[in-house]
């Protein structure tokens, strides 16, 4: 175990000064203000040991990583009928593409592209009375962490410039696959993306996907074992937009990235690991995050394959 | 272990008489002659124990399952530069689509769609003197099975009607990603698809993907451990055309299907399992094969997730 | 000339009772209330002789035919720089497709698909203080007809269900090719589509495209001769969505259809003809309108080719 | 009439030394050998007066302009059932795209893209005993010109590098829309493209599209008046690949370009005009040819609109 600390320290120093050809996402003005030099890593094992290095305790915008959380709650509330509203296939197209939606008559390819996550938010709104509050409460419960918060500025910032997401949501609604008011759906969606966490908090909140026996403080399961495995399967095939195959090939773990520069990866029965480095490669995934995880699974032989 | 025998027997009887809404592939006339009632299953564990039920000892046309074998030999001979010729991303489109090839300038999305396998055959021809003989010898060596043979009739049958594959090969050549003569490439490709094996033989030949320490009779490794894991990763994200996500979701193992009705799946460090039932669902994968494997991984909790 | 009356009477009686396999557009509830039996025809020659038959004096919703009018005013106000905002190529895709917009980075293929007309409305808003009033005044002036009016109910009806147009407008804005507020652009767009005219009024309002020397009552040219010819050229290549080639092939005149069932066609230096019959074929163009015009240009040998 | 001579002389000198940003097509090696400085123009009026300037009497490869000739003969032999094999809609895509063919199940969008012309050649082969000889005889008859010849070198040159056309032909055959042997179809197609003519010869051979009363030396009509008009209509909507709208907009005449740098345009009831200048713009049409014709129709007010 102390091994983990040594290994992440060593990879961290190797990569700390590597030239990073990536670029910080700036389409959301608030994200553009983050220093590109941030670099943090944290592992939490299923027996809750934690190992961190670098900026692992700084908050950042988890962005699309929140798609795992909205999916989890929607799956819990809706069960298997959820998959009538969103598919589980890789998209083979950039993350914001409308092509596929047109061909598939408004059924998003998977819950980890924007279109899919927007439909998942619509499902949640149909189940919840105060979606923002109840979703935040859910996140706090499964992480046992009452500090979790939305970042209002980031949420508002996305709302003002999110023309493509508004387009997508209206487009899906034209096929009948959005049931609630578009403004409500997008407002909720932008808030979920604005959640802020540290690397350590992120590693902790996803333990329920690594540990078959995970129960919350209040003694409740989050998902059935089979459901948790299925979310891992979708993460592996769809978690990195059109670089999902590359991540499976190089890293070999289910995972998810966000444009804030975070990547979460899960080793079933072992641990959850988070890397944060804001500069993104051309496919929109953290440049150093990908590199770190490739070296990490090589060093620890911890690919699931 | 005897457990495996019980479990496959039990699922086999459950499914034996299930109404099968699939259809036998008939675009290759020779395939259309197979009785749709064939149904066989075989497991081979990494310590070479074997468990079979039904028609597990009848030969059938492995078709696209051969794409794993051509990829393996090409990876062995060419190493990592292979990935400049073919990508590792899911295609998100039906298996014979030319759309993606046009957008990606002749680089097939992955080695498990026809376009990718054709490029892999082109790579092999550049390395081998007598591609058909040497590839067959390779298959015999890694399976320790000198009975393996091409089915000439099936190979000829495909050649006569394979207009779409000829189209694809010429299209890729127009982008410069086929180096050898088109007729040679396609002739070799059709022969590799025509290989015939039983369920048992298939489970045995892929042990090298399940067992990190696998060596052939002649004491040689087939691939490095890391390379074998990478092939498993591509199988998981791309092995079932545009139903790859669904297979990962429902079954949770790396695997590959063929239009002959066979499916091979690998549980790293445990076993290789093969199911054969010729009727295919709409996406071109064995209807009962998918069903069997879903029930099997549920019963044995053997998803990799 | 009286000839025209005879010819339209004769074709009209031939077609009056032909089985019409088309369907009335009902995606805008207000349009669904129109009796499918309406059928009217009017010709106005460049020396302002008028010939009508059937329901040629009933008002109907001109819908997409208004796209010629918004384009004309935008061309007058903006000149040739207009074509930086919208192209002049046929789309080769159904009229509401987002595919092309994505490939063309937000530049609509032509001003006669919805995307293009929405950009044209955005251009007008940048030029006008009270777009709705000033556009209506423009229409009244060029037709010398103060009776022209918007249909408020139809405009509101489209606003409530126009998810796809809202999607399109947001999508284009995400590429920077909408300069004004989305709500303002769409509100104006829906009003322009809701204009109501009779066949006779429509034939009159487009005389400026048939007559090189056309001047309004106030003695003003609408467009230069070259500009008017260019609009006719775009009508011929793009006026009927993905049936434009068919219309050119069968009828041989520049023209434009609307989902209200109207079709306007122009014979340069001769006349303008309007047919109205609400049932639409699969491509969204009036079934009987197409048929009528084909028989009419055959009978009068009035194709421009 | 002498007017025509003055006008073309004047535009010719204006453009002679204009910087030409185009590029000579070099994908067919034989075409790459042509001097880019060639520049010729010829007009032939329907009463057979001829006006030429520059290199109007040099032979060049007419390439895709031959598509009008194969279409004409196929239309003559097959009649209206021809349109079941090929559509009459603009493609909205670059000329060698396979996208559309896949969506349209093997029916090419129009006879002036490669896919469509290949199907037209297939139709001709079904009608003719010695397709190459009989097609050449047809061309000689309608032009009253026994000098017309194929260029064997160019034909062979295309055969060796025409992977994309081979791909297309096999792809269409996979949908059942090629009836004859692929090698025969492509061999014939490459020969038709290799026809060589001068500007003057080209203007003469297409008089049958300009003159409603055209009869050959042997006293025969080539097409009915209606059929000739329909070919003009397809030329206008589809003659310049995905620049057809632009040509209609700027020039306003039905026409057709070839990668050899030739452009033919028809003014119904007036004349046929040919311009030749080998450098092509990005869309594959002669840069100076487009410019010349735009200035010519402006100077003579001879747009059909």
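By written order: A, B, C and D. Residues from 1 in each chain.
Everything that follows uses one rule, which is that contacts are C-beta pairs under 8 Å (C-beta built on N, C-alpha and C of every residue); 3 or more make two chains touch, one makes a residue touch a chain.
All of these numbers come straight from a predicted model, not from anything done at the bench.
S.K.: If you take the chains that touch chain A and keep only those that also touch chain C, what is left?
M.R.: none
S.K.: Can you work out the whole-Å distance between the CA centroids of chain B and chain D?
M.R.: 47
S.K.: Taking each chain's centre as the mean of its CA atoms, how far is chain B from chain C in angstrom?
M.R.: Whole-Å distance between the two chain centres: 55.
S.K.: Quick one: report the Å distance separating chain A from chain B, using the average Cα coordinate of each chain.
M.R.: Measuring from centre to centre gives 32 Å for this pair.
S.K.: Mind pulling the chain D residues that touch 2 or more other chains?
M.R.: Residues of chain D touching two or more partner chains: there are none.
S.K.: Please give all chain pairs that are in touch with each other.
M.R.: Touch list across chains, by label: A-B, A-C, B-D, C-D.
S.K.: State the interface residues of chain C toward chain A in the complex, per the touch definition above.
M.R.: It is residues 97-99, 102, 163-164, 166-171, 173-174, 182 of chain C that touch chain A.
S.K.: Which residues, counting only chain B, touch chain A once they are in their complex?
M.R.: 87-93, 100, 109-110, 225-226, 228-230, 232-234, 236-238, 242-246, 248-249, 252, 254, 268, 298, 301, 303-305
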